[in-house]
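Per-chain numbering from 1; labels A, B, C and D assigned in written order.
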């Protein structure tokens, strides 16, 4: 049994869901996503037991493209993230009924398939294919099941698609160029081995950066984000912010840095600065957002900025912190968007101005929402603190001012999050009735919160999982 | 028999046919009456035919002259189709000026 | 050779069927016949022999491309059943013409002598003139036919002149002999000029900038089926022929001897860049789908031209690219045929809400557009990939980057159609599920995806 | 060791357990029960602390407990562990002790609130975090507690969440604390960078090792100290981060007593004391601390002079007392600061609870102008508060006298100006405390008739804690009598330099004491004259004028902060949202628009005229051919 099993399950699941009809679709999708989760956990055990769970088959002879899936700790961690979030996301959507839901859930599973593939692929081209494949489902999910004015949505989504595609096509060019250097092979090992001149590395690095900066997004390439998050159905937003962003960040660590280490070292400061600029900029913009989802979008812009900065430090702490924070952020952001959805289900609006006074109506929901808010402002004891602390620490080792500026996130973050919380939840009882959270909703929240708190106090398992592979990557980076 | 090209150099033939060819091209460019455009195209083809013959004599090789027959036949076929189209246009439009064919554009 | 004969025979049979008043059978019979021919052609694969002292030479190149042509023709014939439902008297003629057109195409890729090459072109072109103008009473169709005819025959004139100059330079029409002479050190200037003239003529046929102006008008004006044929079969034939011409006559080496290779390459680079850019940008603002696809075809011509920078090695890539492109095109056009059956034009508005009324067709059209846009896993992506790979090997990175930017632009208009299908409300109810159209659409897109999953199948044919 | 671990866990987890129980079952358990549970939970930890205290005092060596690795960072390993030594146990004693008293008090005080179970769960959570903060064995565990108590104060200030002003106050408190926390975090980074550890003991060793080397990287230490101090400012409400504390009075009075007077606000002092070995190496920073402390105490006192809200007065007095403590810290007299922390905890808690009792008696009236003559109505409250006021004013032989006196003495030995400032502050303290007493308890009642009608002494659950605290406030000073101080010896192992050797009692000391006493009495006298003899009552807000107005409006600091920080950031945010964001996306869309424009123009070229087409055709042909010829 090797990692391809997960992919197969998800792919079959996607089709099974589509053919199971609108009635069953959601259940079937949930079933398969859980199966994938179980499978990935089993694989994790096998991996820890030292079994070889990766797979490599020749696919195309000339140029040498192989169907190579390699699961090291890092890859597995990300796979687990997406495998764990997918069921939560699907389950969280049980509250709303989507028209033509068979296609909807099918697409979700297909997207999960593509994203998992991206995390596993260890052949440049295979990776690129998965990378692009992930884009198509979310495009349709946002386009067809999205909300808000149709014309606006169309514009936003098309912009998103073309923009991201533009970025990744340059990455493709870079890959082709690299494969020339690696005499025709796209295998990651061969690409790691390639010796490039500083100039070449610079351009390759830039091409990759374009793709990732748009996907992550790092400012000033983030303009697609807020609109798409707002327009997409919440499930789509969760997929985007919870997992898809992480594709970009993961790729930075897996592909960009090791392939162009010289450039990475040369221009480290610039890219760290960009990331931190994102932190501050995102936080400040978030202060004055009236739409709940938009606010969360900008907060996520801030967080990923910090993660990116962490990974560009090229230190073990930086990378480790980045990965931890990726996972933590994945969970917390899904939780927050779900909270927004829960409110939307009851009040039919996300305008912060029209909300408020929910606490008196549903203390349960308030507490859960509050915990998520606190997690996202990285209160110690939550998983996010572990990640954020590690990243900030690594930044402080590069230059204390990075830590200071990046650290403003704990002030500004608290500012906009609490401000949002106050105006959404607190205050005089709202005139509209807020039905208490249903069991399903409660479960989704509970799972997310449990994860956040558990790893907040005991992140060791994940750290132990990812550290070795990060160390190997660092060796590649520092080889010359 | 002695080669006619000994009196008049091959170059002259080439120039002649090139000139003819260009006349044909200019005809196509400047005339608006479809029939005349056809004829200009015919001039072009015939210029080429002339050159074929010249070359075939020059190379002492019959292939060129054979080719001329091909091209003539093809030209005939072409013109036949062309005229057919022209007729139907005339039926629909009542004119054969190619200036009227500007409905498809943009 | 047998292929060619068989095809011609098939055409004649079609005509006979009309006389024998056996219309019903024509389409099935032709399809079966073509399948037979396909089989025959496969048998010839690998054998390299020449007939009628080198009038026709069968090679891997010719057979593989002819198979592609035959497959495309099968699809087109299948589509024509539904297309000519309303005026059955035409079926036999038009099917027959298509078959002859195919014959012309096969002749073009397997010529061993410039005469054959010229005949092939003319057979193809004349057939196309007829098809373009085939809707007698429709002025658009007439205009399309006329435009195509005038410019086409003009181009033929150029080609003929080119051939003539080549003959003058080499004193022979035989490809083998010419290719031998062309390697000799001293060449009269006429040879390159002749070659260039022929090339220009062919560039016209594949609608490369600046010889592309006819394409949008003709595509738009001619009947949809003919447009399908032009944008798939005709284009593929033309590009393949040009490739064979340039590689077959050792044009590149001869230029190298005279060290004018860079001149030629610059021209190719320029034309291919111009074609992509003009094609894509012009396509952005089109509302008529056929016209849009015409421009996209122009841009694809630009992509295909990139193979001419590495003539020696890129035959396989060209085959793959053309196959991917043509299959996607067939799929797309079969949907267009279905949607615009009884519409007076092919405006994008006709596609509104197709995703709701006919999800399958919508999905197929989407897939084919994605393939043209070069999104994985469709073969269009791999086609572009291999193309870029080839081109980067020769160090034309700038060209590749331009190509990349163009693919980004192209997404713009491909997605306009997808948006129309999925995010607009249906403005008409679409009844009936014509079997053949569905079949063609499904099979062609399936082949397209299959090519994507197993590119080696086609790619290695010619390596 | 096993035993210790269990004890420590018991100590930490009982409040947490109480929290969980109250969160999940509180509502069903009913008000009294949930209150009882909360109280018992804390009481248990108090008992445990007493046990631990005995153990420490007997063995004299610290108890270390390590649970498990928490965060791994390459060069420093951070585990979740506890360090129970003299300092932390001392803190535990009064945190849990006062904590349990206040829990007891709250049962009756909050009885009418329907969310009382929430209240107790929050209080328990606070105690849990406070304990974590105190007994953490490394800076990061301290940080957990540090932020945790901040969270609890946020929750409790905004306990009456329907009132957005209270929520604003809560938010303000949290964010201001966060500013400090960033400083603390940076300090942690710097120390981690310097010592490669965050564990107190290891840090101590490595710093002393590195200090001997005295390499240039030593300059990090002062920087780190400064950052840590910023953290302390946030938590302990020092200038410039003090403005949240007065607003924090929005919370229920027991909260003000427990969190915003007795325990949480002393976390800063705890942290500085804990890291004394860092601060000892950074003398400039110590001076800064001293100066900030002095100024804070003075400023706060001046503001306190004119406040009319009874809790606000106490709040500012708290700030000013904290200032005095930092004054002591600045001089490296940690044990003195600790001493004052403890005594202050006693009498300030008592005062707050007393004021709470008053407010309770007046059904939520907090304005002293509407009080008066409560002496007869609520005698216990009066006497306890009187004792505490005497204590805080430094009247001899009450606890406050000793502690404050020691601070001033230390100040005198180090810098006269700061000594003066401190003394002035304490004189003012005496004044406004007795102003409070006179306005509240003497003369006749100034409130409404029906309030007067309901005047009554609070129930025993309220008065008992008051009495206990009053007793403590009286005799608390005994733990560190000048000359032979039990406290100093107890704490001695923590500090590098031997504690308290400066002031063996001499003439100067006695004169200083005298001065302090006179000062205190002077303050009381002025208050007596102004508010008893001439019985003026502060005017209503609108006709306050001149200096008084400035003081009454707290020097307009809040307004200033608002104008300098909050408004600009919001403006910036608006600017970013409205211009930068739209601009950027316009840029991206612009690319598309431009291409579309080109396309639109391009369509003109496709004019449909065959002539043009052929012309371009020929043109292209000629171009190519001529290019070839040129290339020849």
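Note that a residue touches a chain if its C-beta (ideal position, glycine included) is under 8 Å from a C-beta of that chain, and two chains touch if they have at least 3 such contacts.
Listed by chain with UniProt protein names: A = NADH-quinone oxidoreductase subunit M; B = NADH-quinone oxidoreductase subunit K; C = NADH-quinone oxidoreductase subunit N; D = NADH dehydrogenase subunit L.
Here the structure is a predicted model, which means the values were calculated and not measured.
Novice: Grab the C-alpha centre of each chain and report whichever is closest to the global C-alpha centre.
Specialist: Centroid comparison flags A as closest.
Novice: What is the distance, in whole Å, between the centres of chain A and chain D (NADH dehydrogenase subunit L), each centre taken as the mean of its C-alpha atoms?
Specialist: Their C-alpha centroids are separated by 37 Å.
Novice: Can you give the whole-Å distance between the Cα centres of chain B and chain C?
Specialist: So the centroids are 27 Å from each other.
Novice: Can you compute the centre-to-centre distance for chain B and chain D (NADH dehydrogenase subunit L), using the mean CA position of each chain? Integer Å is fine.
Specialist: The answer is 99 Å.
Novice: Could you work out how far the Cα centre of chain A sits from that of chain B, in whole Å?
Specialist: 67
Novice: Quick check on chain A: which residues sit in contact with 2+ other chains?
Specialist: In chain A, 162 touch at least two other chains.
Novice: Where does chain B touch two or more other chains at once, residue-wise?
Specialist: Only 28, 98, 101, 103-105 qualify.
Novice: For chain D (NADH dehydrogenase subunit L), write out the residues touching at least two other chains, lowest number first.
Specialist: Only 592, 603, 606, 608, 610, 614 qualify.
Novice: Looking at the whole structure, which two-chain pairs count as touching?
Specialist: Here the touching chain pairs work out to A-C, A-D, B-C, B-D, C-D.
Novice: Hey, which residues of chain A end up touching chain D (NADH dehydrogenase subunit L) in the complex?
Specialist: For chain A paired with chain D (NADH dehydrogenase subunit L), touching residues are 159, 162-163, 220, 222-224, 226-227, 281, 284-289, 315-317, 320, 357, 359-360, 363, 367, 374, 379-381, 386, 389-390, 392-394, 396-397, 400, 403-404, 407-408, 410-411, 414-415, 418-419, 422, 426-429, 457-460, 463, 467.
Novice: Under the touch definition given earlier, write down the residues of chain D (NADH dehydrogenase subunit L) that touch chain B in their complex.
Specialist: Residues 603, 606-611, 614-615, 618 of chain D (NADH dehydrogenase subunit L) touch chain B in their complex.
Novice: If you look only at chain C, which of its residues touch chain D (NADH dehydrogenase subunit L) in the complex?
Specialist: Its residues touching chain D (NADH dehydrogenase subunit L) are 146-147, 150-151, 154-155, 158, 189, 192-193, 196-197, 200, 204, 210-211, 213-214, 216-217, 260, 263, 266-267, 278, 281-285, 409, 412.
Novice: Which positions of chain A touch chain C when the two form their complex?
Specialist: 60-63, 103, 125, 128-129, 132-133, 136, 140, 143-144, 150, 153-154, 158, 161-162, 165-166, 169-170, 172-173, 176-177, 179-180
Novice: Flag every residue of chain C that touches chain B in the complex, lowest number first.
Specialist: Its residues touching chain B are 115, 118-119, 122, 125-126, 129-130, 133, 136-137, 139-140, 142-147, 149-150, 153-154, 156-157, 160-161, 163-165, 167-168, 171-173, 216-218, 220-221.
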